[in-house]
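Next come two complexes built around subunit A: one with subunit B, the other with subunit C.
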Partner chain A sequence: MDNTPAPRDTPRSGTRLDSYVDRYAARTAGMTASEIRALFAVASRPEVVSLAGGMPNISGLPLDVVGNAIGDLIAANGPVALQYGSGQGDPRLREQICEVMRLEGIDAHPDDVVVTVGSQQAVDLVTRIFCDPGDVVLCEAPSYVGALGVFKSFQCDVVHIEMDADGLVPEALEQAITTVRAAGKTIKFLYTIPNFHNPAGITLAPERRPQVLEICRRHDILVLEDNPYGLLGFDGDPKRALRADEAEGVIYLGSFSKTFSPGMRVGWALAPHAVREKLVLAQESATLCPPSFSQMAVSAYLTTHDWQGQIKQMREMYRERRDAMMDALRDYMPASCAWNEPDGGFFVWVTLPPGIDAKAMLPRAVTARVAYVPGTAFFADGFGSGSMRLSFCYPTPERIREGVRRLAGVLEAEMELRETFGAGAPTRGLEGRSGYDAPSSDLS
Partner chain B sequence: MDNTPAPRDTPRSGTRLDSYVDRYAARTAGMTASEIRALFAVASRPEVVSLAGGMPNISGLPLDVVGNAIGDLIAANGPVALQYGSGQGDPRLREQICEVMRLEGIDAHPDDVVVTVGSQQAVDLVTRIFCDPGDVVLCEAPSYVGALGVFKSFQCDVVHIEMDADGLVPEALEQAITTVRAAGKTIKFLYTIPNFHNPAGITLAPERRPQVLEICRRHDILVLEDNPYGLLGFDGDPKRALRADEAEGVIYLGSFSKTFSPGMRVGWALAPHAVREKLVLAQESATLCPPSFSQMAVSAYLTTHDWQGQIKQMREMYRERRDAMMDALRDYMPASCAWNEPDGGFFVWVTLPPGIDAKAMLPRAVTARVAYVPGTAFFADGFGSGSMRLSFCYPTPERIREGVRRLAGVLEAEMELRETFGAGAPTRGLEGRSGYDAPSSDLS
Partner chain C sequence: MSGDDVTPSGTTDGPTSAPPGRQVLVLAGGLSHERDVSLRSGRRVAEALRGSGLEVVERDVDGSLLAQLREERPACVVPMLHGETGEDGAIREVLELLSVPYVGAPPAACRTAFDKPVAKAVVARAGLDTPESVCLPHETFRELGAAEVMAALVSRLGLPLMVKPARSGSALGCSVVRSAEELPAAMVGAFAYGDVALLERFVEGLEVAVPVIDDGSGPRALPAVAIRPDGGVYDYTARYTAGSTEFTTPAPLDAELTAEVARVALTAHEVLGLRDVSRSDLIVDADRRVWFLEVNVAPGFTETSTVPLAIQAAGLDLGKVCASLVQAAVARSSPQE
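Coming up: the complex of A and B.
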């Protein structure tokens, strides 16, 4: 086994050690660089098909419309757009955010919306106001790598809850609550991604939604509903949000990163009134105020463009890519692999044949010019080595097909190696390391 | 005394109590709304002259230039500007930041710069990676309200160090280090604003800079040098940064909020290499990445516009306002008041006659249509009631003069009242409350 240290923790030169090593806060120990990060630097080369990243494909955005809207904004409202704004966020944008949420059955008041620097910051601020070291956060198994990073950096204990094809399993949730509380631990909230889950690609079934809410209400557990992909379903209307049926017990997080532009970094939290007050104070402490400029740019885009029509085009584009991935998986992958068929979002979760370690295999995959995210990235506890997340959001359908073909080749070689040498087959990778990987925009 | 509770902590209606009150993290107790916030809502009415806010006057910005630069950016580079970027910040902008810092004698590499959501976020990230609850942060007395808010929210103990007309007093710094360490406490860093201090309006004398660095080096104390106003001096060249003479022991914070646009929320930290690594991880956890869009907009502005010429115009505009304030203070204020003459930045610190409480007087000042920030906002320990911060950055010279005239009238009435009734004179204000106030963009 190769014990090469994680590249990001290595000083730039041998003489530059970290003279601050004894001075960091305890929470900093939870902020560790991903050992797969260096591989992603390689994976960003054009010859590599990256099925790893979560970058939306924004090539369809009408740049002339966006440019004109922003030009008009500066001309008409420059002194406001370039000035400090409210810590809670631009009032007009908060009204528009309520219109967006109405598509998912949410009836909210702009007073209860807090604009954040992407919904990542919303996860950060919620965790900041609720979680002391040792507090438990319940998450799906697997869960979003960026949220796990926040929970770890605030020294929370993550307890994963089983999912099946219909999403979070209510009985498993109930059981986990009982077990955690019996151990004398405090549960601060359930973090859940009900729609087109990242990384699992699964959607919480409609009949389970009231069950999950009922369990959380009965046990007095706050729900943190993260919904960046909600409007990117391939079939039918947007799903009804958990928040639509429970206003006091749910903090809802939304984002314009997947439906418009991640470079704007505009997300939001809709929270019960008292919690919203704390979030605004936390936002003021963190940034004084979110950027007026990008908030008003998003607002101008929503005002001047048929954004719902644009999202419809995006859905069709992503559906075509999902189909390309499904076809390629069926055509190329070994029979002993399993995967789901997501009906929205960006991701599919692949379970590998027994004995194959996705993290150990990654360097060989990158050598074969294809990249993915190993399943361990999405667990706080070292599980997931036998699975991987594939994303179909960014490459073209042809590249997706070619990427899956390469991946299948690597996987078959790996299986053959194991068949020849047994479970002790030599590997050159990073296996045996547990834990999740720090978020980066490439993993979002 | 009026015991009206702080407005921001009051539920929107009598029936909406905070059902989460027992569930917040311990750090949340340190995030309290300012009791003067409601007054600032009143103070933002056009008839009130606000000498309270720290908003830069950006009316001189060439909106056509800014608009065109951003329009060209979207047309030429839209798919990058609208996409996720690096957690560390845009590489081209980081190069330009190094050019900006060169004006203050800093020789830095773009690799060691981390872009933040305003320099407020840089304070937040540095505190996050260094400070455990109970750790001590050394600050000037007084210090920046927004930084104090961050330190409190991370449960730090702030120890204030005396300033005089030449800035931080080296002997007082040395003494504080000894005393704090003798008490068994851990000092994590010295937070200092060497140039055109907010709120004190004072600049650290050139001969003291090596002394402060020497003391911190000898005691192995990290320096957090916050320098948002460094290029806004009224006389001569920019002062040499502390970081220019000490690379390993200083984290330098800069911002485009005062020299270009606060609405972009683009600031930065320049840090020793190992610390920079941690800051990037913390930034990724907090936001995934700072906004590509506003970073590239700032970069385009710096590229296409004579930004140094623009800053020169700003300096002249602020100098004229400083002069207006000095003249008005001399013409109107009671002889028993004292103030300094800042040679840059936005603020002047006024010491009131003995017995006058600036916070208690504020409601009467707002009634008289003038606003300021009471000195207590800038202390973590309840001091400062006999002083106030006046800002000359935003109102016109005529308004500044009128504001000081009104303020002097309120002050004289207050002094007369005290003369008539003695120290126990009835007041209708907020006196007796200690502690500082949470930051808000109006206070920045």
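Coming up: the complex of A and C.
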């Protein structure tokens, strides 16, 4: 704690252990070591029930089928698969992507698809071509931590829009647009995850979808529709995409990370023609091209395997895990907690009793061998301390139950502590870490 | 030294009859809150030892460790485990049970040193200055009423004051409290890392870290490292984000103070019964008084840690220093002629 001059008044001539410390771009602000990220290192240990990471559960994938498809791919098309490819992406895969999107009511042409390195890169490319420092991006409250990290790195101002049980609140969206513009700021797009939201687990109600589109159309706001979980609903047919009803005002992002393999790192953007042209150029400047091998492997998988049947199996597996988490939450958590029941995807959003700070509680949870992501990670403005995201995608139902049991014990102890020191005790260190304080599996 | 030097001739057998191997086993990771730091320290020490010609294996601590220790009988274990298990003496107790040579202080000394209030009491009895402090468990606040207890603490220690978990490292759970209103949150932050908190009078001054090493020829203090974090507080972010703290080695102290911080670190090392390596964290105030804050029995060796800086400033090679500590540990476990 150095607040006074050194006992001997000598000029400072020390080292900062970083030769480039004065040269980094301003956008690296916040890219620092963090206690929270360090705690996630413990969560990777098998003793810890991690309800933190958003890692897809690929245990049911037919590895023999995948292996054979990849073997055949190399045998038949190795020189192409191991070579650079088109910046826009493999033409055959783009056709297949259009078939996938048709399940959500989207009628698209392969020429309007740009393949990306996961949909995470699509968020990056869209932000890159649209946003200057200080531009506003509208996001749900809360929003995907990986997207917030991108927006932060491009020095955007994130304005969060209220959600309720039916998703984004149209009136709040309208109000935010008015307020931001009245402040003289430029809104570049609305970033939204309409289905099985990460982290909130909420789905935008059907009747609200046209309302959101209408508001954005009227205010000339581009919509960035991020839909990685759209095919992982537990009930009924896939929800109709926003893009299905609005071709010009929506950029749609999709991914094979949740429906096939996150390791392939294949996602895509479907964009209006002019935007697509810029995305391709941005893609080429960023990576030259998306990886040929991964694209062709995904294409081979889609061609040779009943991928829709596989997704159905995944849905059942995730539904079983969701049910286990719901049962455990009901059985163990204090009555003063609240949570939603997601009908798809990976996540449950838990609202904690008043005065409980999920970020401050995390060390205690790690000591008890359970991990979650504090809500503050999903807000750009320091909010969210009274909430946490629990993921049910990866652990077995038995482990989920055990994890929630441990978490409930931690919560009881924290409530007692808060009661001792005053329920409203503010906690330190809430600032400045949104977009980064999540396990690496959320940022890949 | 070469790798062949590590295995002493005629090393005693432990509980098993397997002959000791030549590998040095660096333990890193574990389940403490400092796992990430430990992994980085372990990696750096392992690389340094390899650079000195030793055969080194890195591994985590888990349920298969004891079986491996019995089966492979490493020449020496280097426990680079920070936080509980690593620094509270537990893992070293197990190594003692298995008669596996290891670098570092024995279990009892670790238990004393890792517990900040106990360590402060020990060094105070030896005549060292350490800031006035009060150590209280969570239950005390609950039973007696937090508001009353906190008011008494502020009255006794004044403001600002430091709040720390009694047993932790890397500044996890530590806060500087500058107003009474900040104290409840700081207490909650400290209790997140353990059930006992240490509240300590805040001493303004220059923060210095003074490593002590003993490669068999007696403990000696390395050059003090002055620490000036950009944000004024040497917290987790300041410790492990390269560029966010300025380190000056040797610390800008005159000869008298340089000798004094060395004496304090050596005294702490000795009265606490430490061995091989330690790092004392001290404050030099404006009146040239040196205050002992705490001592680390498994100090960090990460890219932003102070011990490697001090080794470099002493004109020593990190790999050779680490190897000499291994050598001393192995020699210590050899049968006496």
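A few comments on the model shown:
We take it that the second predicted complex is superposed on the first by the 402 of 444 C-alpha atoms of A that agree within 3 Å, B and C clash if a C-alpha of one lies under 4 Å from a C-alpha of the other, contacts with A are read in each partner's own complex, and residues count from 1 in each chain.
Here is the rule we go by: contacts are C-beta pairs under 8 Å (C-beta built on N, C-alpha and C of every residue); 3 or more make two chains touch, one makes a residue touch a chain.
As the structure is a prediction and not an experimental result, all values here were calculated from the model.
When the two structures are aligned on the shared chain, A:Val21 is found in touch with subunit B and with subunit C.
When both complexes are overlaid on chain A, the residue A:Ala360 reaches subunit C alone and has no touch with subunit B.
Of the two partner chains, both subunit B and subunit C are touched by A:Ala33. Where the contact sets of subunit A with subunit B and with subunit C meet, they give residues 8, 12, 16-18, 20-21, 24, 32-33. Listed in rising order, the residues of subunit A touching subunit C in the complex are 1-8, 10, 12-18, 20-21, 24, 32-35, 37-39, 41-42, 45, 47-48, 357, 360-364, 366-367, 369, 416-418, 420-422, 425-429.
Residues 8-9, 11-12, 16-21, 23-28, 31-33, 55-56, 58-59, 61, 63-64, 66-68, 70-71, 74-75, 78-87, 111, 117-118, 120-121, 124, 128-132, 135, 146, 149-150, 153-154, 188, 222, 248, 257, 261-265, 272-275, 277-278, 281-282, 284-294, 297, 438-442, 444 of subunit B touch subunit A in their complex.
Of all the residues in subunit C, the ones that touch subunit A in their complex are 29, 31-37, 39, 60, 62, 138, 141-142, 146-147, 162, 172-173, 175-176, 182, 184-189, 191-193, 202-207, 226-229, 232-234, 236-237, 239-249, 251-254, 257, 283-286, 288, 303-304, 309.
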